[in-house]
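Common to both upcoming complexes is chain A, partnered first by chain B, then by chain C.
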Partner chain A sequence: MSKLGIFDLSVRYGKLTAVNNISFTVAEGERVFISGPNGAGKSSLLAAIAGEVRAAHGRIEMDGDILSGRVPEAIARRGLSMVPEGRRIFRALSVQENLMVGVGLRRDKTAVPDDLEAIYAAFPILGTRRHANAGALSGGQQQMLAIGRALMTNPKLMLVDEPSLGLAPRVVDEVYDRLCSLQAQRGLTLVIVEQSSARAGRVGGRMLLLRGGQIVADGDAASFAADDLLKEAYFGKAAP
Partner chain B sequence: MTEHQARKLASLTTPLLLIALLTAFVLLIDAFGDRSLGRMAAETLIRVTLVVGFWIFAGNSGVISFGHAAFACVGAYVSAWMTLKPAMKSLLLPGLPDWVAQAEWHVLPAAVVAGVMAALLALATGAAILRLSGIAASIATFAFLAMVNTIWANWTPVTGGTSSVVGLARYVTPWVGLGWASVAIVVAAIYGASASGLALRATREDEVAASASGIDRYRHRLAAFTVSAFFCGVGGALMGHLIGVINPDGFYLSLTFLMLAMLVVGGIGSLSGAVVGVLVVSIAVEGLVRLEKGVTLGATQFALPAGSQEILIGLAMIFVLIFRSAGLLAGRDLILPAAWVAGRAKTTK
Partner chain C sequence: MTLQLVFDALSLGGIYAIAALGIALIFGVMKLVNFAHGQFIAFAVFALIVPSTDAVAVMGLGAAPALVLVPALLAVGAGLAVASEYLVFRPLRNVSPVALMVASFALGVVIQNALLVIYGGRPKAISLWPELGKPVRLLGAEVPMLQIMVICAVLLVLALLAIMLKRSRVGLEMRAAAEDFGMARLLGVRANAVIAGAFALSGALAATVALVLVAQTGVADVRMGGQIMLIAFIATVVGGMGSLPGAVAAGFAIGAVSVALQAVLPIEARPFRDAFLYGLVILVLLLRPQGLFASASAKPRV
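Then we have the complex of A and B:
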C-alpha cells in the first residue's frame, strides 16, 4: 500500500481551476519533489493534501485512510505534518515554545524530551537560541525551526512548501542537507514543493512536473535537468 | 541545575512577584491611607481580578472581547440573588423563583457560584461566538454585551430593571480583594503555562500554522473564555459587595472601556502587563480625582476643572499607544533573573 494516494484531485477557486484532475501515489520513505512554473498549482496541491483548502473533486488517502474532507488539525493528528510556505513560525513565542506547540496532539508524551533533544542535535543553532524569540531568528534559522516544529508532531509524512524561498543558496544547501539526513534517520516520507528543478535534481529524488494544474512529467529529478520536458513545462511547446 | 531548569523555575516567580507587589500596595495603604484610599485599594484589587480574568482570554487568544463586562454583570446579580435578605428580595425582586427568594447564603459560596454562573454563560455563548474569527468574533462579543445589558435593564421582576438593587452586604476589604486577585493571578499563570495556553498563543501568532500543527483553535478558545468569565463573574460580585448597590449600567460601556484601557496601558502581551496596567491606571485616576476636588499648596488653592480626569486618562492612553504601543511592559513578565534563581537553588542544596 502506498503512503499517500491522490486520485482525480481537482482544486478550484471560484471559476479558476488550480489543480486539474491529478492522480499519483507516493511510496513509504520516498522523496518527491513537486516542481513547475508559477501558477502551476503546486501550493494548491499541497494545501489540499493538508486540508487547508477543500478539494472540488477527487480523493486523498494516507495509509488507505481517506483524508479529503477532514479539517487540518484532524489530518495533522494522523501523522501528516506541513511546513508551510514562508515558514509561518510563531514569532512572539520562544524557539522552544514553537517546537512544543505541536506536541499537544501526541499520545507518546514521554518521548517528547528526547525528541526535543534530537531536534536540537540536528539543528544546533536552535538549541543555543532555544529561549530567544523566534521572530529574532534569521530566515534560514526560521526555516529550520519550521521544519523542527513539524517534526515534533512525530509525522510519518511531511509536506514542505518552498523551503528555499528567500534564502541564500548556501543556506538552502544546508536546509536540504538536514532534511535529507533527518529523512534517512526517521524513515520519513517527504513531499517537497521546489520551484527550482535544478535544485531538485542536485538533491535527488522523484520529481513531478506540474503545469496548468496537471502533471506533465513524472520521473527521476536528476535526469530531468537535461530533458526538454522542463523547458516545455515552463515556456510551452516550441512552434513546429 | 541546567540553564533551562533555572529559567523554568524563574518563570514560576512571576505570579509570586505580582502577588507580592499587590500585597505591598495593600500594606502601604493600610498603614498610611485614609478610609477613601482603603476603598480605592479594594476597588483596584477587584479590577485586578477582572482584568486578569479578561487577560486569560484576550491575552492568550489575541481576540479582543467587549463582552466581559457582561460576565461581571451576571456575577454581581447572582451574588445579590443568593445573599440578600429574603424580605428585601420579596420587595425589590418579586419575580425570583422561590428557592432563590428564600436563599440567604454566606458571601463566599455566593461569590464562587457567581463565577460559575458567568463561566456557564460563557461556555454557552462562546460555543457560538468563538467559531468566528478575528474581528467578527470581537463584534459578536459586543453584541452579546448589549444583549445582556438590555435583558438586565428590562427583566424587572428578577433584576429590578434600571433601578438599582440595594442592600448588598459590604464585606469587601482590600484584603478580600487581594485574596481573589491572587487566586486569579495564580490560575492565569497556570493556564498560561499549560499546553492549552501555549496552543492558544500559537493561534494568536498564526492561525494556519497552528492548525497545521494539529491545534483545534475553537476548543482552546472556548476553554480560555470559560475560565476567563469565571473571574469576571467573581469580580462583578465583589464590585456589588464593595459599594452595596448594583445597577445594569454599572457593568456596561464604561467598565468595558476601563478594562480595555488598563490592559492596553499595561500591555496585553503578558500577565504582568495586566496587573501593572490596573495599578497604574487606578492610581492615576485616584490622583486626578483628588486634584479635581482641589488641593491646597501653601496659600494657593488649586483644582482641576471637573471631568478633566476622564480626558487626561484618555490622553495618557493615546500617548501609550503612540510611544509604547505594546504597553508599559511590552509583553514582558516580571521575573527574577534565572542566574539568581539558579544561585539560590545551589546554596539551599
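Then we have the complex of A and C:
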C-alpha cells in the first residue's frame, strides 16, 4: 500500500482550475519533488492534500484512509505535517512555543521533551534562541523553525512547500542537508515543492513536473536537469 | 483629592479593560467583532434576580454567598457565550466578517428582547453587597471599599488570564490561532475547541463586568450593556484590533482620560465630556490608524 495516493484530483478556485485531474502515488520513505513554473498548481496540490482547500473532484488517501473532505486538524492527527509556503511562523510566539503548538495532537506526550532536544540538536541555532520571539529570526532560521515545528507533531508524511524561497543559496544547501538527514533518521516520506528543478536534481529523488495543473513528466530528478521536457514545461513547445 | 482620582481612574479603566478583553479575545481567534457582548453583560446582570416583570426585584442567585455567586455567574456568562457560538456563529463559520458582525448585532437584539419579555422594560433597583459601600481610609484618602475590591478583582482577572494564555496548552493554541488560524489547524489545533474556549472566556469576562456594574450602580437595566460595549469596542480599536495587551492598555487609558476630563474641564463643559473623549480617540486613530498596539494577525498575509 502506498503512503500517499492521489486519484483524479482537481482543485478549482471559482472558474479557475489550479489542479486538473492529477493522479500519482508516493511510496513509504520516498522523496518526491514537485516542480514546475509559477501557476502550475504545485501549492494548490499541497494545500488540497493537507485539507486547507477542498478538492473539487477526486480522492486523496494516506495509508489507505481517505483524507479528502476532512478538516486540516483531522488530517494532521493522522500523521501528515506541512511546512507551508512562506513558512507562516507564529511571529509573536517564542521559538519554543512555535515548536510546541503542534504537540497537542500527540498521544506519546512523554516523548515530547526528548523530541524537542532532538530538534535543537538538528538545528542548534533554534536551541540558542529558544526564548527569542520567532519574528526576530532570519529567513533561514525561520525556515528551520517551520521544519522543526512540523517535525514536532511526529509526522510520517511531511509536505514542504518551497523551502528555498527567499533564501541565499548557501542557506538552501543547509536546509536541504538537514531535511535529508532528518528523513533518513526518521524514515519520513517527503513531498517537496521546489521551483528549481536543478536544485531538485542535485538533492536527488523522484520528480513530478507540473504544468497547467497537470503532470507532464514523472521520473528521477537528476535525469531531468538537461531534459527538453523541462524547457517545454516552462516555456511551452517550440514552434515547428 | 488626587489620590481619589487615581482610584477612580483605575476602577473605571479596569472595567473598560475587562470588557474590551472580552471583545478582543473573540476578534483575535475569529475576526468577529461581537456586538452582542453588551447584551452578554446585561444577561448576566439579570441572571442575579428572579425572573418576573414586577417593578421590585427579588434576588435569586444574587442572594447566594459570594463564594457561590461569583463562580455561578461566571459559568452563566460562559454558558451563554458558548451557546451563542454553537447556535449562531458556528453555522456561519465560513461567511464574511461583515456578515458575522451583522449576526452578532442580531443576536444582541434577540437577547435584549428576551430580557425585556421576561423581566420588563423598567430599570430595577437591586442591592448587591451593600456593605462594600462603606468608605475606608487608605493612604490619606477616603476610598469606598467597593472601589478597592473592583481594582483588586480586575488585577486578579488580568493576572489569571495572562497566566492562562502564557502557561497553558489551550492558551498557547489560542495565541497561535489568533496569529494564523489556518496554520494552527495544519498543526492539529482543533478549531472548534479553540473558538469555544475563546467564547467561554469572553462570556466569563462579561459576567465579571456585570458583577462590578451591579455592585457600583445598584440597578438592573436591559440597556445597561450598550454604553460599556461602545467604550470597550473603542478600546479594542484604539488598542489595535486583536491585541490583548492593547485592549487592556486602551481600556485603562480611556478610563483615566474620562476621569481626568471630569476633573479638569470647566463645570459648563462637563456635560460634553464624552465629546472630548471621542475627539481624542479620533485624534489617536488619525495618528496611528492601526491602533496603539497593532497585532501581527491584523496584517494581511501575502
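Everything below uses one rule, namely that the second predicted complex is superposed on the first by the 240 of 240 C-alpha atoms of A that agree within 3 Å, B and C clash if a C-alpha of one lies under 4 Å from a C-alpha of the other, contacts with A are read in each partner's own complex, and residues count from 1 in each chain.
Note that a contact is a pair of C-beta atoms (placed from the backbone, for glycine too) under 8 Å apart; a residue touches a chain by one contact, two chains touch by 3 or more.
Being a predicted model, the structure only gives us computed values, none of them experimental.
*Asks:* Have a look at chain B and chain C on chain A after the superposition and call it: clash or fit.
*Replies:* clash
*Asks:* Figure out whether A:E52 sits in contact with chain B (first) or chain C (second), or with both, or with neither.
*Replies:* both
*Asks:* After superposition on the shared chain, which partner residues are touched by A:G140: those of chain B (first), chain C (second), both, or neither?
*Replies:* After superposing on A, A:G140 lies clear of both chain B and chain C.
*Asks:* Between chain B (first) and chain C (second), which does A:G148 come into contact with in this model arrangement: first, second, both, or neither?
*Replies:* In the superposition, A:G148 contacts neither chain B nor chain C.
*Asks:* Considering only the touch criterion stated at the top, classify A:G104 as touching first (chain B), second (chain C), both, or neither.
*Replies:* both
*Asks:* A:V71 in the overlay: touching chain B, chain C, both, or neither? Say first, second, both or neither.
*Replies:* After superposition on chain A, A:V71 lies in contact with both partners, chain B and chain C.
*Asks:* Based on the superposed arrangement, let me know which partner A:H131 touches: chain B (first), chain C (second), both, or neither?
*Replies:* Only chain B; A:H131 stays clear of chain C.
*Asks:* So, does A:S81 touch the first partner chain B, the second partner chain C, both, or neither?
*Replies:* both
*Asks:* Contacts for A:G5 in the overlay, against chain B (first) and chain C (second): which applies, first, second, both or neither?
*Replies:* Once the two structures are laid over each other on A, A:G5 reaches no partner at all.
*Asks:* For chain A, give the residues common to its interface with chain B and its interface with chain C.
*Replies:* Overlap of chain B and chain C footprints on chain A: residues 50, 52, 71-73, 76-77, 81-82, 84, 88, 90-93, 97-98, 100-102, 104-105, 149-150, 153.
*Asks:* Within the complex, which stretch of chain A touches chain B?
*Replies:* 50, 52, 71-73, 76-77, 81-82, 84, 88-93, 97-98, 100-105, 130-131, 149-150, 153
*Asks:* Give the list of chain C residues in touch with chain A in this complex.
*Replies:* 169, 172-173, 175-176, 179-180, 182-191, 295-296, 301-302
*Asks:* Please output the residues of chain B touching chain A within their complex, sorted ascending.
*Replies:* 4, 7, 195-196, 198-199, 201-202, 204-206, 208-216, 269, 331
*Asks:* Along chain A, where are the residues that touch chain C in the complex?
*Replies:* Result: residues 50, 52, 71-73, 76-77, 81-82, 84, 86, 88, 90-93, 97-98, 100-102, 104-105, 135, 149-150, 153 of chain A touch chain C.
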